[in-house]
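Input: structures, listed below.
Here come two complexes built around chain A, the first alongside chain B, the second alongside chain C.
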Partner chain A sequence: METINSEIFTLMYGSIVRQLITDLEDIGEVNKQLDTMGYNIGVRLIDEFLAKSRTAACTDFRDSAEKVAKVGFRMFLNTTANVTNWNPENTECSLVLEDNPLTDFVELPEGCSKLKYCNVLCGVIRGALEMVNLQVECDFVKDTLRGDELNEIRLKLVSEGTEAYPFKDDD
Partner chain B sequence: MRSDRSSRRRLALAAIWLRKSPFQTSEQPLNSLASSIARRAMFSGRLNLIDRPLSKGKSEVSLSAFSFLFSEMVQYSQTQVSNIGELERRLEDAGYSIGLRLLEMLCFRERNSKREIKLLDALKFVHSTVWKYLFGRQARDLEQSNAADDEYMISDSDLFVNKFISVPKDMGQLNCAAFVAGIVRGVLDSAGFPARVTAHFVPVPGQPRPKTTILMKFDASVLQRDSALPSG
Partner chain C sequence: MERQRRTCAETCLELLSIELVHYYAAQNQAPLAASTEAIGFRVGRQLAERCTWDRPRLVEQLDVMKFICKEFWIELFQKQVDNLRTNHRGTFVLKDSNFRWLSKLSVDLPPPIKGPPADTQGGAADKGTPRESNGALPTSPTASEAAQDYLHLPCAIIRGALTHLGLPCTVSADASALPACDFTINIRAS
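Let's look at the complex of A and B:
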C-alpha cells in the first residue's frame, strides 16, 4: 500500500476546511458540506476497501463496526479506533479514536466552536456503509478540538436494506 | 483566558524569533520558552497545542486517502469557479496557505531554525528539502530559464498528486499540480522571495507521459536584493 507523509494530508484537510469557512461563512453549512464531501468519498472508498482487504461478508452490525474501526481506519488513516458502548439491541456503538491524523496541528478559534472539524469522517463512514446496504447515522459526540480527551463517533444503525442486484435474471 | 493570551503571546514571540533567524541565530530565547512550557504543563492537564512538542513528522497515511480528499477538493472548487484559470488559482491558493506554514516547520525541524537568504540557496531548499518532505525524494531538475533570468523551473514526473486524476479534453491544459505550485509559492513567499509560480505539463521525448514543470517567476525586487548581497 502506497503511503505518503501524513502531514501533507493534515495540512491539505486544514486548507479545505479553511476554504469552506471563507466561502460559506455559516458554520452549519460548513458542517453539512464536509459531511457531503465525506459521503462522496465513502461511496467510492468502499470499493477500494473491499478490494484491498478481501474480507468475508460481515455477519451482523457488530462485525461491520469492528471492521470499520480496525481494518478501515488502519488501511486509510494508519490509526485504529476502538468500538465501545454497545447498546442492548446491538444497533448503536461508539468508535473511539485516540489520535486522529486530521487534527494534528489544529486548534479551533473562538468563533468556530460549533464546527465539527472531522465531519468528513462521519460522511465517509455513512457513505461507505450505505453502499453495502447499511443505513447509519454517524455523529461526533466527543471531540479533542473542543476540549475532550478523545474523539468519539456515535454510530447508529437505522435500517438494513436488502441486497439488490443491478441486473434482472431474465435478461 | 489568561492562559490563552500568554500562549498567543508566546506564539507571536516565537514567530518573531523564527523570522529573525536568517540574520541571527540565538539559542537563548528557545531555552526560556522550554522552561516556561514545563511550568505551564504542571498546572494544566492537557497541554495547549502550541506547547506540545513538535512531532517528528514520520507518520504516514495511505495515498488513497489523500487522493480521495484531493479529488473532493477539486470537485468542490469546480462548483465555485467558471473557468480553468480560476480553478488552477483556487488550487494554488489552497497550496499557498500550506506553504506558508510549511516553511516555518521545515526550517525548525530540519535546519535548526536557519533560513536561506540567497535566491539560489532558497531554490535548492525547495528542490531538496521541501520535495523530500512532500514526495520522499528530491526533484528531478532545477534549471534556469533561457529566456529570462528571473525565471527558474523545477521539473518532476509522476507526482502522486496527479496519479489518480485524468483531465477530460474540454479542460485543456489543467494541471492539478497547481496545488504543488501553490505550496512552492507559499514557501518562497514566506522566505521572502515573492514569485509567480505555475505548473505546466511539458512533453518529454521518449516518455509516454509528460513531466510536470513548476515555473517560478521572481519579482524584480528579489533579483535586485540578491545581486546586492555579498556572494559566498
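Let's look at the complex of A and C:
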C-alpha cells in the first residue's frame, strides 16, 4: 500500500467538514452528508480492501466485524479498533477506537455539539459492507470530541444477502 | 523534537478528494470551484505551517519557490517538481511531468453515447454531463477537460501554502498533456 503523511488527510477532512458546515448551515444535514460521502467512499474502498488485504472470506458477521476492525482500520487509517459489546444474537457490536487519526488537531467549537465529526467512518463501513452483501446500520455513539472517554461505533446487522448473483440478465 | 510522522493509506486521500468533487459537482447552491478552493486554501496554509515550523524563515521569493517545488511537493505528491521556470517578474511555471493526483484519471474516455439524445429519457445517469444546446449528440469531454474539476483542489492548496509563506498569488493549472501538468503561479506585486 502506498502511504502518505496522515496529516494531509486529516487536514483535508477537517477542511471539508468546516466547509460543509458553512454551506449547509445545519448540523443535522452535515451529519447526513458526511455519512453519504462516506458511503460513496466505502463502495470504492472495498475493492482496494479485497484486492490488497489478502484475507480469507469471512465466515460470519462476527468474523466480518473483526476484519473491519483489525484489518480495515489498520490498512487505511493505520490504527485498529476493538470489537466489544456483542448482543446475544451476534448481530450487534461496538467498534471502539482508542486512537482516531481523523481527530488529530480537532476541537469542536461551541454550537457544534451535535456534530458527528467522524460520521464519514460510519458511511464507509456501511458502504463497504453493503458491497459484500451485508446490510448494516452504523452509528457514532460515543465521541471523544464530545466529551466521551472513547470513540465507539455501534454496528448493527440488518440483513445478510445471499451469495448468488443478484441481477437478472435483462436488468 | 522529532516531528512524529503518522501515515495513512494514500487511497483515503484519493477517495476523499474524488468524493469531494463528486459532491460539489452535484450541488446547485454551492459552486464546485469556490467550495473546493476554500477547502484547499485552508489545507495549504495549515500544511505549510506544519512543514516549516522548525526551519528558518524563507526570505527570498526564490527560496520559497524552491521549498514548494521540493519539500512541499514531495510531502503532497510524493515527488519533486520536474521543471521550474520564471520570467523574473513574478510569474513561475512549475512543470510536473507525472502529476500524482491525476495519474489514475482515465485518459481513454468512453465514446459519445449513440442513439437518441439522452435528455428524452431524463435518466439520472448522465446528469451533469455538459450537453450542447444545438441538439447535437453530447460529446464526451476530453481527459484534460475532465481533469479540470480535480485541479481546483491542488491549485488552492499551493496558493494557500504560498500565501502563508508571504507570497499572495494566483495559481492556475494546465493539464492538456496528461499525465504532465503545468502550474502557473502569478505572484501579486506587493
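Following the convention adopted for this analysis, the second predicted complex is superposed on the first by the 164 of 171 C-alpha atoms of A that agree within 3 Å, B and C clash if a C-alpha of one lies under 4 Å from a C-alpha of the other, contacts with A are read in each partner's own complex, and residues count from 1 in each chain.
By our rule, a residue touches a chain if its C-beta (ideal position, glycine included) is under 8 Å from a C-beta of that chain, and two chains touch if they have at least 3 such contacts.
Predicted model only: the values in this text are computed from it and were never measured.
**Student:** What does the overlay on chain A give for chain B and chain C, a clash or a fit?
**Tutor:** Clash: chain B and chain C overlap once superposed on chain A.
**Student:** Touching A:16 in the superposition: chain B (first), chain C (second), both, neither?
**Tutor:** After superposition on chain A, A:16 lies in contact with both partners, chain B and chain C.
**Student:** Once the shared chain is lined up, is A:106 touching chain B (first), chain C (second), both, or neither of them?
**Tutor:** first
**Student:** Which partner does A:25 reach: the first (chain B), the second (chain C), both, or neither?
**Tutor:** A:25: touches no partner chain.
**Student:** Which of the two partners, first being chain B and second being chain C, lies in contact with A:149: first, second, both, or neither?
**Tutor:** Once the two structures are laid over each other on A, A:149 reaches chain B alone.
**Student:** Check whether A:89 is in contact with chain B, with chain C, with both or with neither, and answer first, second, both or neither.
**Tutor:** Neither partner.
**Student:** Need the overlap of the two footprints on chain A, from chain B and from chain C, as residue ranges.
**Tutor:** Looking at chain A, the two contact sets intersect at 1-9, 11-13, 15-16, 18-19, 23, 33, 37, 40-41, 44-45, 48, 75-78, 101, 104.
**Student:** Spell out the residues on chain B that touch chain A in their complex, using ranges where they run on.
**Tutor:** My answer: residues 46, 48-50, 55, 57, 59-66, 68-70, 72-73, 75-76, 80, 90, 93-95, 97-98, 101-102, 133-134, 136, 160, 179.
**Student:** Could you list, by residue number, the parts of chain C that touch chain A in their complex?
**Tutor:** Checking each residue of chain C against chain A gives 5-13, 15-20, 22-23, 27, 29-30, 35, 38-40, 42-43, 46-47, 50, 75-76, 78.
**Student:** Which stretch or stretches of chain A touch chain C in the complex?
**Tutor:** Listed in rising order, the residues of chain A that touch chain C are 1-9, 11-13, 15-16, 18-19, 22-23, 33, 37, 40-41, 44-45, 48, 75-78, 101, 104.
**Student:** Write out the stretch or stretches of chain A touching chain B in their complex.
**Tutor:** Touch residues, chain A against chain B: 1-9, 11-16, 18-20, 23, 33, 37, 40-41, 44-45, 48, 75-78, 101, 104-107, 120, 149.
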